[in-house]
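We call the chains A, B, C and D, going by the order they appear; numbering starts again at 1 in every chain.
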Amino acid sequence: MVRLEDARRIIAAAEKKAQELGQPMNIAVADEGGNLVAHVRMDGAWLGSVDISIKKAFTSRAFDITTQELAKHSQPGGPFYGIHASNDGKVMIFAGGVPLKKNGKVVGAVGVSGGSGDQDHAVATAGASAF
Amino acid sequence: MVRLEDARRIIAAAEKKAQELGQPMNIAVADEGGNLVAHVRMDGAWLGSVDISIKKAFTSRAFDITTQELAKHSQPGGPFYGIHASNDGKVMIFAGGVPLKKNGKVVGAVGVSGGSGDQDHAVATAGASAF
Amino acid sequence: MVRLEDARRIIAAAEKKAQELGQPMNIAVADEGGNLVAHVRMDGAWLGSVDISIKKAFTSRAFDITTQELAKHSQPGGPFYGIHASNDGKVMIFAGGVPLKKNGKVVGAVGVSGGSGDQDHAVATAGASAF
Amino acid sequence: MVRLEDARRIIAAAEKKAQELGQPMNIAVADEGGNLVAHVRMDGAWLGSVDISIKKAFTSRAFDITTQELAKHSQPGGPFYGIHASNDGKVMIFAGGVPLKKNGKVVGAVGVSGGSGDQDHAVATAGASAF
């Protein structure tokens, strides 16, 4: 279960990492049902990344995988190519979504958007580590 | 301008009011462009209200009005009846959206969803007062 | 045929009327195909009315009628009730859309949004008169 | 802040460039929130480009980048591949969107569509230069 206080701790850790990288981010946390628990847009972060951060969190929980990993399988020619058209357009297939696990089971996810794929993934990982 | 620290202060005031009412809520804050700055879902709040809270904040900024007031004009026979079909379904025409003003000018909005219309409006108003 | 220079003349006349009324507006002009020729958002006009003005122009041309008149037939119990759900949500059923006619034939439309229904209709009519 | 008079100056400069190139264009200007300020379709420009010009302006502001540059990162195998599925289909990943800057900060964008990618980019750049 991902409570609001968990989401806030995750977001705080992600924000700290984003500040270290000097890149403002959108950070979203989804629960076991893939539904949004909390979202923040850091000052100066991209407007278009509000939606993307929320969808990366959904995607990561929806398929119990990092979106960085999902990306590898979703390129043209890959086994999941076309998956971005499913779920009413809520599936994001690039880095920044990381599952939240409890006793080895995925119970939610963090989604981060606002920088390069590597930055987004690093910030999401920092957030997930605080869970 | 609605900064993340403003949004957090607004959300804290709204959460306090929701706790007093004993009704968990979704609370969203939008900026001058109608774009999301932050959102929280309090533990136990309705899942379907994540979307509604975000859209009430958008609506209130989009028309510089509380959604409680907009509701009056948007009923069958009213001058704005049918407005809920505009803006790709992002317009919510029931109470819970309240504009944020600075020097008399609307610069953002709060959207709250999770209880009765009166409760949502009261919580949004408490949030807006902290701006 | 509605050329860009026609649209600009129409918009200028509509803006003049809006300034007289002291109400900033969104003004859109559609051509014979119902497609947008030009749009302006006057400073301070509602953000949510960008979409509405464009859709009022589409609607007025799509059914060769003012949206004020269409509104009467589109209320619950009316013969066109439910028409707002057609055309992928592009049909607006409240005042502010006015057809552009040439030799008695509808060849385009003006859509205005930003004030009361009466204001929107008055500004759209002023625009259409300049055609 | 992008006022309507700014948008008109930008559009005039873009139109001038389009005329030099002999290619009619759709030209759109968005503000800091990514919302449309003004749009024109030059006589003879593609109908399908109305929507594209508006979305290029949104995209360029949403990610503070030219859509020509965004295109490079959004190809299959690239770090942002799949971004076109975000933001409810409003993200355009080909040339023609250019940010508007004030004191180094992005405060809006121009979107142009109607010719080749190079032509669209050249016309949008001419428009942005007039800001």
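In this section, a contact is a pair of C-beta atoms (placed from the backbone, for glycine too) under 8 Å apart; a residue touches a chain by one contact, two chains touch by 3 or more.
In UniProt terms, the chains line up like this: A, B, C, D = Heme-binding protein.
Predicted, not measured: the structure shown is a model, and the values here were computed from it.
Asker: Over half of the interface residue numbers used by both subunit A (Heme-binding protein) and subunit D (Heme-binding protein), so same, or under half, so different?
Answerer: Shared-number fraction below one half, so different.
Asker: Name the chain pair with more contacting C-beta pairs, choosing from B-C and C-D.
Answerer: Answer to which pair has more contacts is B-C.
Asker: Let me have the rounded angstrom distance from the C-alpha centre of subunit C (Heme-binding protein) over to the C-alpha centre of subunit D (Heme-binding protein), please.
Answerer: One centre to the other, that is 25 Å.
Asker: Whole-Å distance, subunit B (Heme-binding protein) centre to subunit C (Heme-binding protein) centre, using C-alpha means?
Answerer: About 28 Å, centre to centre.
Asker: Listing for subunit C (Heme-binding protein): what residues touch at least two other chains?
Answerer: Residue numbers touching two or more other chains: 47.
Asker: Which of line, ring, star, complete or other matches the graph of chains that touch?
Answerer: Per interface graph, the chains form some other shape.
Asker: Which of the residues in subunit B (Heme-binding protein) end up touching subunit D (Heme-binding protein) in this complex?
Answerer: Within the complex, subunit B (Heme-binding protein) touches subunit D (Heme-binding protein) at residues 31-35, 88.
Asker: Using the touch rule from the top, collect the residues of subunit B (Heme-binding protein) that touch subunit A (Heme-binding protein) in their complex.
Answerer: 3-4, 7, 33, 35-43, 47, 50
Asker: If you look only at subunit D (Heme-binding protein), which of its residues touch subunit A (Heme-binding protein) in the complex?
Answerer: Residue positions touching the partner: 33-34, 58-59, 61-64, 76-77, 79-83, 85-89, 91.
Asker: Of all residues in subunit A (Heme-binding protein), which touch subunit D (Heme-binding protein) in the complex?
Answerer: 46-49, 51-52, 55, 71, 74-76, 84-85, 89, 91-95, 116-118
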